[in-house]
Structure formats: structure tokens, C-alpha cells
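Following this line, the structures themselves.
Both complexes shown next keep chain A, but they swap its partner, so chain B is in the first and chain C is in the second.
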Partner chain A sequence: MRIHLPRTLDEALEIKATDPEAVPLAGGTDLMVLLNFDRLRPAAMLEVSRLPELRAWRWENGTFLLGAGVTYSRIVSSLTEFKPLVEASRTVGSPQIRNRATIGGNLGTASPAGDALPVLAAYDAEVVLIKAGGKTRTLPWHQFLVGPKRNALAPDELILGVRWTVTRGPGSFSKIGTRNAMVIAVAGLCLVMDEGQRQLRVALGSVGPTILRAPDAEAFASKALTGAGAWEDPRAALPPRVLEEFGERVAAAARPIDDVRGTAAYRRHACRVLGRRALAWALEDRKLRG
Partner chain B sequence: MIIRLKVNGEWRQADVWPGASLLHVLREHLGLVGSKNACEQGECGSCSVWLDGDLVCSCLVLAAQAHEREVQTVESLAEGPRLHPVQEAFLEAGAVQCGFCTPGLIVAVADLLQHDPAPSELTIREALAGNLCRCTGYAKIIDAVKLAAQKMGNA
Partner chain C sequence: MSTKVRERTKGGVGESLRRVDGAPKVKGQFLYGSDLWAEDMLWGFTVRSPHPHARIRAIDISQALTYPGVHAALVAADVPGKKTYGLEIVDQPVLAWERVRYQGEPVALVAAADLETAKRAAERIKVDYEVLPAVADMEQALRRGAPRVHDHGNVLKHIHIEHGNPDVRADLWVDGYYETGMQDQAILGPESGMAVPAEDGGVDLYVATQWLHVDQEQVAPCLDLPKEKVRLHLAGVGGAFGSREDVSMHIHACMLALRTGRSVKMVYSREESFFGHVHRHPARIWMRHGASRDGKLICVRVRMVIDGGAYASSSPAVITNASTFAAGPYEVPNVLIDGTAVFTNNPPCGAMRGFGAVQACFGYEAQMDKLAARVGIDPVELRLRNALSTGSVLPTGQVIRGSAPVREVIRRCAALPLPPQPVERDPITYPGGAGNVSRGERLRQGTGFAIGYKNIAYSAGFDDSAEARVKLFAGAGGPVAEVHSAAAEVGQGVHTVLVQIAREELGIDQVTLHPPDTMVGSAGSSSASRQTMMSGGAVQLACRAVRDQLFERVRQWARTRGLTLAGELRIMGADVVTDGRRLAPVVDFLEQPVVATRVYHHRKTTPMDERGQGDVHVTFAFAAQRAVVEVDEELGLVRVVQVACVQDVGHALNPQSVYGQIEGGTAQGLGLAVMEEIQIKDGRVLNPSFTDYLIPTILDMPPVVSELVEEPEPGVPFGAKGVGEPSTVVSTAAIAAALRAATGRELNRVPVRPDDLIGLEPPRKSSGPPPAVKGVA
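And now, the complex of A and B:
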């Protein structure tokens, strides 16, 4: 097994160009398990956890670029303006895991249960990929996450980071599992209200082959808020049963399966409950903020 | 491959299989068997160490990733026969039964108290979520954390 220990992103990209088989390794919280259990024997590995270029973030013209190598611990301690992302990050594993696991790892593994992924989907984020010579390519999240544990990363590329437009408005991440910690989600949901665009976005994890948005539920809620004049006035009364109907439509967007962690029927029900609650929280939050 | 790392203040070197974990190197090459090998998937926390000051599961760190870096293990805590206050507290509170999870818990608790010298019970529970104990039922462990916080606060 060839191990590459580059010191800069440029070095890492050169290595990826000449040794495209090299599997990028960051926090190791997914890959090392496969290695320890003899389920993976890559010909080569490329250590990326210390590349300074990947461990950074920056704001640029109303967008935010989060480096692929930023750990969940750093998101929780330093990026508090992104509340749903912080909530999702705090549910990742344990302190030990959050100190190592990275946002780029969730994207690289592309598991439908990756906790940060529904947040990125609700942010309408795009994934920035880079290869030797500094050439970048940007893909919307849904063109990057193409299936269960499958993404659109080319062999000569690395994930540079993920970028989204910074919006104003409430939002949350919630997750169902058998414990309050160290749990792989049975269902996860992120809801974001974009006050500027007057749009509501909701994304689901662990209930389909990849992360799913619920466009029908989004349109229904956005329209209900518009009809009630609630975008202008957070205290405006919504028609009855909006929350219930929203939950139904969220559940209808799920494409769950039965597996060891839960049944499809339970997962669909979880989506209904999480959707209803998330919308109720967001509306309440808007009232409190006026 | 040859890796070189600073373990508990001392530079050490080992010739390891490139796919080996840091835990494997600590235990099998460097003779530091305080960090325990149990789940090998980051679930149990028995192998907890500090890597450049961060609490991590050493089973999930490729040994090569620790090359030229600093690792602190549970063995670094006691000074000769003098136990670390967290270790004393575990003994006094009866937080040790079979003892297998204890080194990982001691490291995790020491890390917690470095960041938060007087944690609430909720904070303690969240901080120790990644350390499994199958004997104690955790009550005595939480007592030990509170006792250690007291000891360190008075020191």
C-alpha cells in the first residue's frame, strides 16, 4: 500500500494526477473502519486531513465556502451563524469522532445517512472539486451525490469544499435514532426558511438512495405562507391543518427501504413527524424574532 | 514504512504496515497497551488518545497520519506512582469494574475537564457519549467526573 503525505493542496493534486488510485483519507471515521475490518485494501492512500487549504472557510459576495477538511467540532464551535449545520454537526458520532470527521468526508462517502448532507441540500449548496493546476469544477449537490455511496468525483479530483448562498431566516436539523448520540440516522430532516427568496426548503436523509428534497411540500408551505401574508407578518394566522398537510407531503417525498435500523413505514412516519415539527419550530422562531 | 512520532513527550520510531492504525502502533510496536483495542470502529472510545491535543479514537487514525505529530496516551497522565486526579477519582468513586473501558474514559474525562473545569451532568453525559462501559451503568463514572472536577478545582 502506497501512502502519500502531501503538505500542500498543490502537492496533493499532483499526486492525484499521477496516482489516481490513491484514496483520499481525512478523518478516517469511515475509511479506517473498512481498513480495520479488512473490507478495503486500497493500493494507495492520500492523507488530506492536514492540508491547510481544505481546513479553511471564507465568505465571498454573499456566499460561504466551507473547506472539505473542516471538522464537525470546528463547525460546532466556530460557525454558529449556520444553526441547522451546527445542529447536524453536533449529532455526528461522539466528541472523538467530531474532532476528526469532516464535511468533505460526508460528501466523499456519500452515504444517504451522512448527517450534514440534508443541510447542504436544504442550503441548495454546490460542491467544488479541484484538480492539478488548480482547475475547479462546481456541481449542484444533487449532481454530486448520485446514489447510495456514489458521487461524481473524478479520479484525478479532490473535494475542495462546499459553497452556498447565505440566507436569512430560521431553520433546523432533526434526526431520529435509537440513542441521543453515536447514532446512524434512521431518518434526518433539515428545514430552512429563506426570508429573502420567500422560499421554504426541506431535505431528507436516510430515507432514500441519496438525500432527497421534498419539492411538493416546499411549494405547498411557501404558497400557504404567501396566501396568509405570513412572509410579511410572522404573526399572521395560517389556514388550519397546514402543518399536518406539510408533514404528509414531506412523508410522500421519502423513498425509504426496510433495513436493520428501521422499516420503510417507520421512516415515512418519522418524516411526517419531523416535517411537521420543523415547520412549527420555524414559524415559532419567526414570531419570537418578530 | 517508517513512521516517527512524539509519544508522551518522547520521539519514537516504528517500521509499520502502511495500513496500520495508530492504535496498533501504540500497542504492538511501542508497547503502550493502556489504550485498549475493542471495537475498531470508533464506537467504544476504549482507544482514546490525544493527537496534537485533540481527543480522538486512535483506531480511526492511520498510523502514517500521526507521522511527525504529537500523541499523548493514558500512560502520560500519572507521574510515577502519583495518579492523575481523574484516575484517583475513578478509584475513590468506584467507577472501575472490569476496567477495560477505564483508560479511554480517563482520557476522555481529562479532556473534558481541560475544556470545562466544572461541567454539568448533561455536559458530562454528552462528552462521554463515545465511551462505552458495559459494567457500571455509568452512574459511578459520572460521580467520578464530578469528584475529579472538585479535586482539580481545589488543587
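And now, the complex of A and C:
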């Protein structure tokens, strides 16, 4: 096995151009399991966890670019303004795993159970890819995550990071597992209330072949908020049953299966409950904020 | 000469002495079996069957043998001696021939210069299988016309216990059907060991195990070697809980070492470990309890079937245990219990902490709660009314002669303080924990109570004696007592307790342990909560013999010097004292070391007769637990808030270790209650990893409030009962009861799933009436 240890992003991209078989290794959370279980035996590996360019973030013109190599521990400690992302990051594995695991890893693996992915979907994020010569390509999250454990990364590219428009408004991430920590999601949900665009967005993890949005539920809730004048007035009461109906519509967006971690019926039910709770919390948080 | 002497031995019995293996384990310096290393060693790897049931048409090892770096590839024909081994029934092939009967059954072996090479070579071994239909369900296994796992049929062992008049009438009856899933011991250190070929043609096997001598007895015949040429040494054990009672890599590593003439190390991966040891039997239990209007038990009828999987392992003993405990720690005059262990093509099941008593307790305690509701009295009161005590007669006709403070255990547990209601809560403390799924919505609290009991040491006529050798010699810093015992330290603390006992008995400060091996007689298994009593008893006897020999030397010395020794002789630290007066340093009498070897036997028991009657068990330990749980009734998520436990321990020789055992046992019971299950479909394991076989984390584990009832057991060393299992026996039942109280649902299967707690999944029903076995009702 060829092991590449580049010191700069440029060097890494040169290697990727000449040795496109090289599998990028950052935190190794998913990759090392595949190797240890003998399910993957790459001809070459490219260690990217030390590349300073990937470990950075920056704000630019109302958007935020999060480097692919930023670990979940750093997100939790330093990016508190992105509450749903912090909440999702806190559910990733154990403290030891969070010290190594990166946002780029979730994107690279493209598992529907990737904890941070519903947040990126609810942020309407776009994934920034880069190749030798510094040429970048940007894909909306849903064009990047194309299927279960499949993404649109080309063999000569690396994931530079993920970018989203910074919004105003409450939001949350919730994850269900059958133990209280260190568990792969049976269902995950992120809800973001974008007060600027007067739009509510909700994304689901672990309940379909890839991350799913619930557009029907989103439109319903956005409209209900408009109808009640709630975008202007956080104290405005929503009509009865809006929360229930929203939950139903979120559940309808799920495409779950039965597997060793949970049943399809439970997953759909969980989406209903999490959707309802997340909307209730967002409304509550707006009231508290005034 | 100073006459001041200390009154008590420091670090003796009754003190919470620090663990002798504690510091190295905490610092990561302890050497486990997986750390074994030898110059020039080879790595062994096992080829396993991918099929639950198949005929082996042919095995071709030629491609593996020619693979660079490979030193040996072996199949069943290469087993030098006996082709099968087993704890109770010698039925398990060292390497399968003709047929494989479970997924993961070993078929061939490879030794290579490194593990990766061994794995690559193993892929080149071609096994031609003809897949056969698998017997995947324990009830189906008993049906007429079911495919046979073995030629002698699918009934592994049947137990019939009949006491009083089981057809008696009662005022009230409650019925129940219960299921338990297959639990894994989840040992942190997977199976590991190293075989080193010896110049005498024998082999030295360093292995992480629970019972060196029973391994030796099984390994030697398979290698066609006399026992004394197969020397076993205990390697560092990373947990056991029953999983190391059966032979795993032992014979395989020895075969490869003897074939290659090189040391061979084998270490299972986590995934392989799930296939490499036995599990806790899944059970299906039908129960019918009859009582008087005021809640006195009149009759208990039980039918229990457990899935033994493909080979016998210790299933006969497990079903014996499960059956004898099926009526619970209650006085029941009329009993009918039928227990059957069956063969299937599922993974073999065998010993696990609680050994059949766990499954039984889940059933009988659910029944007691049902009965309390029917009678209309408090569940704790119902238990008090029926509790066993010294002199009570068990369903086997056995009379309890030892201590049985069941009522005290119940009362004190019920009186322990309930958890405080927090004023402010971190959301991480809601059910769902770190997942941020709740701000306290729809929480329901429930409290459950359960009691249970467990036998200490082996039963039914088996003499599982323990030997120990104690040597007192002059060390550089004074007298040293060396304890040589084959008792396996599996993390439970037996080595610490043996040191404490030696200090207590000899009065010597410096006590060391000889590495456990087969150069001393058998200690019996580190199982059945027995080592403190058995090996503790042997060390006590050996120490007393050493002391007697030493004092004989002192008396001779005194005689030659014309001294009269009126008072009793004692050892205090480094001195021999009499009448509170220092006589001489102990080392003065140790020009030659003093050595004594002694064997401890527990009281004799008898096997059961055809009606299940007999003096079956040595002694019993009881425990009560009260669990408080919180359920998110919408999401079906659980947080166990507190477990309160009172355990009957006889005499706590190391209280801290006892509390540790209670807490660990509770965690394992909690696991079975709410998350731990090896999921199997058509004989295949679906979750052989810690990613999907979940064990409790610290966020799942509540504070355990525990107290000990110390009523010494007569006739056993220091009056100490074993403490490893009772908490595991009861905690599953207590937590399930609390979940029922919180949700109002029947919850007749553990582990309880979110689907069960919110009613997405109805209570389990049996596929029909309880299956009969050979004309037994």
C-alpha cells in the first residue's frame, strides 16, 4: 500500500492528480473500520489531516466556509453560533472520536447516518471540491450526496469544505439511537428557521438512502407561519394542529427501512415526533429571544 | 525487647484493600493475553464457516500452503488426537469435518509470519459447501419432522421437577409468556493466547481463560498428549463473564505450534469474538402462578425452552439451574417445572453471569407483579409474604440450611432513599441522552422491584474442589508468603481476596502471588460466584497448615532452648509472638521454606432424581433491586434514573470489590433489559460488532445505591458468599418492572425496544402452546 503524507494542500492535490486511487484519510472514523474489517484494501492512501488549508474556516459576504478537516471537537468549542451544527457534532461518537473525526469525513463517506449531514442539508449548504492547480467546483449538497455511501467526488478531487449562507433564526438537531450516547443514528432531524428568507427547512438522516429534505412539510410550516403573522411577531399563536400536521408531513417524507438498528415503522414515527418537537422548540426559542 | 505488637493485620479480610492488579490496569501497563509476544513467533488464524448449516464436500488448502510466509494450514484430519471437545458433552469438533452446524464454526487453521499474511492465506483455502436447511428456531427444533442438528435429535437436555401436587386448586391464577434475547458477554479483551512448543514434545499454552485445568483436560486428548505435557499458564484476562469457560483458540494454537515448532499467537478480532465464544441462552418461558386470595403462593407451573445452539457447551447445567430457580426465591408447596435446552443451528450458548437464573427471574418476577395486581397488594408486600428463609423447602425438595435473609434484603432495599428530583436538568439527562431529542416532553417515571437468587459453586453432585499451595520463605525484607493458586483473575478481584486471606491467616504483611498455572492443582472455574469460597477456602487451609508447621519449628526451637511456651503462638508482621510478647523474627525459622498444599471441598450435593428432587445446590445468595426509570413515552427512549440494591453477601471480605461487583452486574443486567441482543436471522448473526451490539455507556448507567446484608453463611470460609452474579440476576427484572410501571405495557420480552415501549410492536406471543418433550406435559 502506498501512503502519501503531503504537507500542503497543493502537494496533496498533485498527488491526487498523479495517484487518483489514493483514498483520503482524515480522522479515519469510517475508513479505518473498513480497513480493520477487511472490507476495503486501497492501493494507496493520502493522509490529509495535517493540511492547514482544510483545518480552517472563514466568513465571506454573508456565507461561511467550513474546511473539510475541521474536527467535531473544534466545532463544538469554537462555532457556537451554529447551534444545530454544534448539537449534531456533540452526538458524533465519543470524545476521542470527535477529536479526530471531521466534517469532510461525513461528506466523504456520504452515509445517510452521517450526523452532520442533515444540518448541512437544512443549511442548504454547497460542497466545495478542489483539484490540482487550485481549480474548484461547487455542488449543492443534494448533488454531492447522490446515494447511500456515494458522492460526486471525482478521483482527482479533494473536498475543500462546505459553504452555506449564514441565516438568522432558531434551529436544532436531534438524533435518536437505542442508547444514550455513542450510537449510530436510527433517525436524525435538523430544523432551521430562516427568518431572513421566511423559510423553514427540515432535513432527515438515517431514514432513507441518503439525507432527505421534507419540502411539503417545509412549505406547509412556512405558510402557516406567514398566515399567523408569526414571521413578524414571534408571539403570534399558530392555528391548532399545525405542529401535528407538520410532524405528519415530516414523517411522510421519510423513506425508512427495517434494519438491525431499528424498524421502518419506528423511524417514521420518530420523524413525526422529532419534527413536531423541533418546530415547537424553534417557536419557543424565538419567544424567549423576544 | 519491645513487646508492643499490632493487633490487626493490615490488608486482611474485611478491608477494602486496593486491587493488586489495579494500578497496572489503570495505567495501561497490565499485560493481557493479546499482548503476548515471543521472538520468532507465528500468528494463527481460523477459517470459519459462513453457513449456519452445510455439508463439507471438500477442503482444498493447497493454495494457502504455497502462499509466501505461510508455515502451516491444518484441517480436521490434522487434529492429532480426539477430534472433539466439550465441557459436559464432548461434541464440539476441534475443526469441522463433514458438516458445519453454525455460522462461524472453525473449519481450518493457518499459521503465518504475520496476521495479515495468515488472513490472506486463509482466503485461499477453498471449502466446498453444500448448504443445508438450518434449524433456526428453538420451538421449531422440537417439532416433529424438524431437521436434526445432531443425529441423536434436537433435545439437548430436559429437566423435570415435580413437587407436592401440581394439580392443586388455587383461588387465583395468573399466566404469562416471556422471552429473553441472546446476550453477549462483551468481554473487552477478545480471546487470545500463545502456544509455545516445548523440548519434551509437549506444549506450554499461555491463555486468557476462566479455568486452566478444565482447558487442560480438553486440550491434551485432542493433541494426543498426556496432561502433564500440556502446561497451561494464565495470561492476562480482559473480562470473562462465562465466555471463557469453553475452549476457543486453545487447541488450534497448540496444533499450529506443534506442527511448526514455533510459538503461535492467536488473537480474535471483535467480530471474530462474537463467533468465537458462547452466549447467554435466549429463553421462552410459559408460567402459571396459583395463589390464595391473600397472595400466598400455592402452585407454580413453568415450561421453559432455551436455545443451546449447535453444540452442548454447558447447556445441561444452565437448564438445570434455570429450572431449579424457576419458581423464584419463594416458598411454593406445589411445583411443576419442565425445562428443555434444544439444539439449533444458531450460535452455541453456554455460560454467562447468572447462568439460567437471569432468564428465570425475568419470568417469575413479572408473574409476582401480575399476582400482586390481581390480589390488590403492594408488590413488595407480596414478596415478603412468600419469601424463602432458612428452613424453607425448595421445589427440588432441598431444605435451605444456610443463611437466607430474604426478608431483610427485601425490606432494606425497599427502604433505600429514592433518587432526588433535580431542580434543573441538563438535557443530556433526559431519555435519549446526548441525542438532544427532548426538553422534558412526555416523560413518565416508573419504579420496579425484583428479587432473585443464585447458587454459589457447582451443583448436582459435582465436586468442584480448589487447591492452593502456600510457601512461607525468608525474603530480603522479611518473611514472604507466596500463594500459588490456579484461580483465574478475570477482573473480579479474586487475587486481591486471596492475598487478604493469606495475610489474615498468617499475619504476614508481604504476600505475593505465584503466576497461576497447572503446576498446582485445579482451582475450579472463576464462575458460579465460587472463587472466594473455594480458592479462598483452599488458601485458608494451606495457610493454617503452613502456620502449624512453622509453629512446630518454633516449639522445637523453644524446647532446645529450654523455653516454655504457655500461650498461643501468633505471627505479627515479621515476628512470632506469644502472650503479646515478641519471641523471634519469623525468618529465624525459615532456613528452609515452609510449604503446604491443601484442597478445599464444598459440602456434597446430589444430582436430581427423575422427579427433579435432590439436595442440588451448595448454598444461595439473594439480592433485591429497585429500579427507577424514566421513559419518553412518545419516542420509547429510556433513562434508568437509579438502581437501589441490597445483596446478601454473608461477609464482605473486600467491601469495595463487592460494591464493584454489584455495580458491574447491574450494568450487565441493564444491558439485557434495554439494549443488548445478538440479533439472529436464519442462523446468521446480524450485529457482530460494538457498532451494532450496544452495551451501556456511562450515560445509560444510573447511580447504584447499594447496601450489604452480612449474615455469615455457616460452614464456609469467613462466612462469605459469592457476590458476582446476584445483581445481574435481578437487575434485568427490576428494570423491566419499572418500564412496565412507567408505560402500563406488558413488555414480556427483553431487551425492551423503543417499538415495545410505544406500542408499535405488540407483546410477544408464543407460536403455540408450550412444546412438549417426549410425552412430558
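The working rule: the second predicted complex is superposed on the first by the 290 of 290 C-alpha atoms of A that agree within 3 Å, B and C clash if a C-alpha of one lies under 4 Å from a C-alpha of the other, contacts with A are read in each partner's own complex, and residues count from 1 in each chain.
Please note the rule applied: a contact is a pair of C-beta atoms (placed from the backbone, for glycine too) under 8 Å apart; a residue touches a chain by one contact, two chains touch by 3 or more.
All figures in this text were calculated on a predicted structure; none of them were measured in a lab.
A.B. asks: If we overlay the two complexes on their shared chain A, which of chain B and chain C does A:Asp194 touch? Say first, second, both or neither.
C.D. replies: It touches nothing on chain B or chain C.
A.B. asks: Once the structures are superposed on A, label A:Leu35 by its partner contacts, choosing first (chain B), second (chain C), both or neither.
C.D. replies: First partner only.
A.B. asks: Name the contact category of A:Arg2: first (chain B only), second (chain C only), both, or neither.
C.D. replies: In the superposition, A:Arg2 touches chain B alone.
A.B. asks: Could you look at A:Glu218 and tell me whether it touches chain B, chain C, both or neither (first, second, both, neither)?
C.D. replies: Neither partner.
A.B. asks: Of the partners chain B and chain C, which touch A:Gly27 in the superposed model: first, second, both, neither?
C.D. replies: First partner only.
A.B. asks: After the superposition on A, what does A:Ser49 contact: first (chain B), second (chain C), both or neither?
C.D. replies: First partner only.
A.B. asks: Counting only touches as set out at the top, which of chain B and chain C does A:Ala181 meet: first, second, both, neither?
C.D. replies: Both chain B and chain C are touched by A:Ala181.
A.B. asks: Please indicate which partner A:Gly93 is in contact with in the superposed arrangement: first for chain B, second for chain C, both, or neither.
C.D. replies: The answer is first: A:Gly93 touches chain B but not chain C.
A.B. asks: Would you sort A:Ser172 into first (chain B), second (chain C), both or neither based on which partner it touches?
C.D. replies: So A:Ser172 only meets chain C here.
A.B. asks: Counting contacts the way the document defines them, which residues of chain A are shared by the two interfaces, the one with chain B and the one with chain C?
C.D. replies: Of chain A, residues 33, 36-37, 180-182 contact chain B in one complex and chain C in the other.
A.B. asks: How about chain C: which of its residues touch chain A in the complex?
C.D. replies: These residues of chain C touch chain A: 119, 269, 271, 431-439, 441, 634-637, 639, 674-675, 679, 686-687, 689, 691-692, 694, 696-700, 753-755, 758, 760-761.
A.B. asks: Using the touch definition up top, name the residues of chain B that touch chain A in the complex.
C.D. replies: Residues of chain B touching chain A: 1, 17-19, 21, 40-43, 45, 48, 54-57, 59-62, 64-65, 67, 108, 111, 126-127, 129-131.
A.B. asks: What residues on chain A touch chain C, complex-wise?
C.D. replies: 33, 36-38, 87, 90-91, 172-184, 186, 260-263, 265-266, 269-270, 273-274, 277, 281
A.B. asks: Name, in rising order, each residue of chain A that touches chain B in their complex.
C.D. replies: Answer in residue numbers: 1-3, 5, 25, 27-29, 32-33, 35-37, 41, 45, 47, 49-50, 73, 93-97, 99-100, 180-182.
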